[in-house]
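Some structures to go through are shown next.
Shared between the two complexes below is subunit A, which pairs with subunit B and subunit C, respectively.
So, the complex of A and B:
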């Protein structure tokens, strides 16, 4: 059947490309448009969050396995980078890439153990991962400095502080672009389709011959590599590590909150979530100082997202937009298993 | 040898508290397939309430139990009816983890805001007293805490096995559809199950307040071991979790002698990973655990 809107189909991609170009332009122009270094560090923090949330979304978005333990992977990347510089004497960026490779290799046994179980048990394992690494890095004070902290040498000692921030802003922006690109490629690939089948119904997809375990493991390792890379880059930028902050369940839960808020099925969902939550947290810190209230704020936001917009803001808004302006939907479209069950239940109730 | 006996006795006493709390977690999982991350946050909340009760009234913190148990039961019931039962069934397992996680954050943040991050401790007339037990010196408060946990666990057992509510609860855990067919209101019963689970946290919290220093972020130290215990024991099996709690509690207590307190805690996580590698459904888990 021919659709009335068919002649205008070329409009969609162009609008989308233009929006992406404007978004990228805004990000790249950000450092030049702000004049104080504080705003620049906030921007770097948000970009770091965006990379972490996008990296988390390789597992959470594609396979539906919700990991609260990704903070452990970024912490490992950070400490590995720092230790390779100070102990092994490697140049900063060589250390960063070796550390990333180490995290990815380490993610294979961790993922293999954790992905053997589903749902609730997986979350438990991911939390346990953070707690065990916190114990190890706090206790192993001779190597990591324990809670006294660990200083990572600056990669560009000749740069002034503002220039240092500027360089790292663009490094984080580049990393974000790379993570988004890989996510986009997987999203459109056959491999990604298999992963999404796992998310909707793992048993059925296994019965259809999708190599579920291998798929989950690859997604986990890719996710771990990006998370470790972001952690290592953070270590090079910030230069001071403390196990309590590096191996915190809070870091992992912030990643989940950001991805969920934006929408885990969407390429830019985690980025949007990172901008909203990141600036919100920063505002909280400015307004209320270092009180425990930021925990309450994070908790309330997560609570609201889970209860009211579990699909994220992007699907909620686009659903609203479609209802108002383009009421007709195509007959072939992606429907989540949850939405399908919901509509079947409603139909069942109507029949009764 | 004396040190060994000492650790063993302390391990049993600690294991009792772990067993009570893990039983609560198992109950939530049984009735709704929900992993309740906020369990240990409610535990610390109960400890703070006991401490606050003692500071304000000067009475024994044990006397706060008649207030906190009904309060926590009602809170658990309300939480299940108003929040968890409204999540979409298809994604409930994952979303409930995040929901209870957010509740844990809110509790920790509010405790920190109201009572500050200062470490608190209840000082009682008998705080320093200790008893000779099988050649080991054990603080009286630890014995009281254990007795409290054991009594609560026994009460829970009796409710589950002897009462009509317990029968309905067990039916709901075993087969919700069949339970509905014979006229059990499983939604309501699941709410009561949550109430009972949270009541174990109130008893456990009061016991904890007797002999420990408490602070708002303490719940992170509890949730890890408890989660490990319910996985090792097999999600959904109350006797399994009780045995796992005792064994792991004693192991940790014994390992503290050669390794020190911090490293000994890793035994929980090692047991967790070993269980997943060897027997992902847990050592005592049955039908329930396999799918989760």
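So, the complex of A and C:
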């Protein structure tokens, strides 16, 4: 803000950097601080969710196009990685990156077709994508193993189970850092501002000279690449793929829930949502086993988010913080016309 | 109508022109073989009864909807059916009938979004570069809303949003500006201010094409007026001539 008081100007970035450093430190220290491999797998699951939700947010957060079909992209990444190892005989991580490139290339025609429609129509097209791929991967059993499953060879066969998890925890953490970095770069860029304009009013953006279709497509391809990469890494870690779980509408829905819960306009919104939803899902599984109760919990959480914190937890909390501790920085609605005139007069004097 | 003039090409002295432009919605022909040529460097008025096809004409020439037939040229170049952002980049800016700003963006971002990046480096560069911010503040100051730069656009009053929309259009540095009812829902003092701004900007070289129902405003700021009825022009000329044209009086002014 232009009329910030002096100390706040440098305090903001420092507080933010410190928070990021603490968050990163907590993540990196997590494997050493848990004493059983189960907790480590929970951590990996949450990091995987965080990467997926952040990847989803390249489209959902910036352009406002709500895709429920991102499970298709992670599934493609997973199966492509597996098949490139088993059928083409490529080394695991070469296969991972080629698979990611394939998903990105495939995302061009998919995005070009799907992004022609907006709103609810786009949501439905994205669901159709997942369902079609589910059918294909279930039916094409000779290649994918169908419902019997598909075993992806482990990249480090010499590692013990706990070490395997440890390595993948850090791989997922690195991937999350990369996704967050790219999201941050786009968020502050001209390109990103154009994408956000699409979210606000697509026709108006076009009229201002923003090539909206190209912008949406680029965002979709970047999102697909990170989603495919996360899917492929999951395949290498988990080692067993089933079309029902890989090409599930639930994957996409969970990404949406996590991003909405944390706040789609915020860099760390999807990450926060992944931590909350990921631990919640794990808790339900632990307490109630293989019941559909976690779906009920997910549904209730989505209801709660939409009803009470539609902007997500991060904006809600920062709004609360501002109301309690920095009342001068709240929205313009709470500033009187007289106060505005006064600050303007003071600025005018300062300029002179 | 200057149908003959519109047929030759690449003449930089010409402004926005249409030849036999037609667009229907279902059974309704909103624009019906309209041949119109606006005057470059002038403030053009486009008036006519509601439903006479003015906004549809705007939407066709700015690429928001595709015409069924006919041609649109700008400065002699055929722009028929081009994507809206390409037409915008060719130098035509527009406002919308019901004022449209980006509600959840700050006032400043509403302007910065209109700065155009052509290469990858500029695309990935910060949206808040010094030069852009300075230019944006310049336009905001000119509109008298610079004190609101950090406010979210949705929190502005209707009049302020109108000014913000105009500032956003100007930020793209168009040479021709289409305004769809700039005085709609605006108080008389602000109408006067918008009128003055239009005249000033015109003196600085901007061409204006204005759809407006407020006849006081149209008659006082326009150099050249085209009257639309039933999807096509029925008269054109300077304000004094339009005011006394019997066809216009019958179709629109309703005397």
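Note that the second predicted complex is superposed on the first by the 322 of 352 C-alpha atoms of A that agree within 3 Å, B and C clash if a C-alpha of one lies under 4 Å from a C-alpha of the other, contacts with A are read in each partner's own complex, and residues count from 1 in each chain.
Simple rule for what comes next: a residue touches a chain if its C-beta (ideal position, glycine included) is under 8 Å from a C-beta of that chain, and two chains touch if they have at least 3 such contacts.
For clarity, every value in this text was computed on a predicted model and none was experimentally measured.
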Which of the two partners, first being subunit B and second being subunit C, lies in contact with A:48: first, second, both, or neither?
-> neither
First, second, both or neither for A:57, with subunit B first and subunit C second | neither
Which holds for A:251: it touches subunit B only (first), subunit C only (second), both, or neither?
-> neither
Based on the superposed arrangement, let me know which partner A:192 touches: subunit B (first), subunit C (second), both, or neither?
-> second
Is A:211 contacted by the first partner subunit B, the second partner subunit C, both or neither?
-> second
More subunit A residues in contact - subunit B or subunit C | B
Please work out whether A:307 is in contact with subunit B alone, subunit C alone, both, or neither, and reply first, second, both or neither.
-> first
Using the superposition described at the top, list the residues of subunit A that contact subunit B and also contact subunit C.
-> 341
Quick one: which bits of subunit B touch subunit A in the complex? Just the residue numbers, please.
-> 29, 33-35, 37, 83, 86-91, 93-95, 97-99, 101-106, 108-113, 117, 216, 220, 223-224, 227-228, 230-231, 235, 262-263, 265-266, 268-269, 272-273, 276-277, 280, 291-292
Which positions of subunit C touch subunit A when the two form their complex?
-> 62-64, 83-85, 88-89, 93-94, 96, 100-105, 109, 112-117, 122-128, 147-152, 155, 168-169, 172
Provide the residue numbers of subunit A that touch subunit B in the complex, in ascending order.
-> 64, 66, 68, 113-114, 116-121, 123-125, 127-128, 131-132, 135-136, 138-139, 249-250, 253, 256, 260, 291-303, 306-307, 310, 336-338, 341-342
Enumerate the contact residues on subunit A facing subunit C in the complex.
-> 1-2, 185-186, 188-194, 196-197, 200-201, 203-213, 331-333, 340-341, 343-344, 347
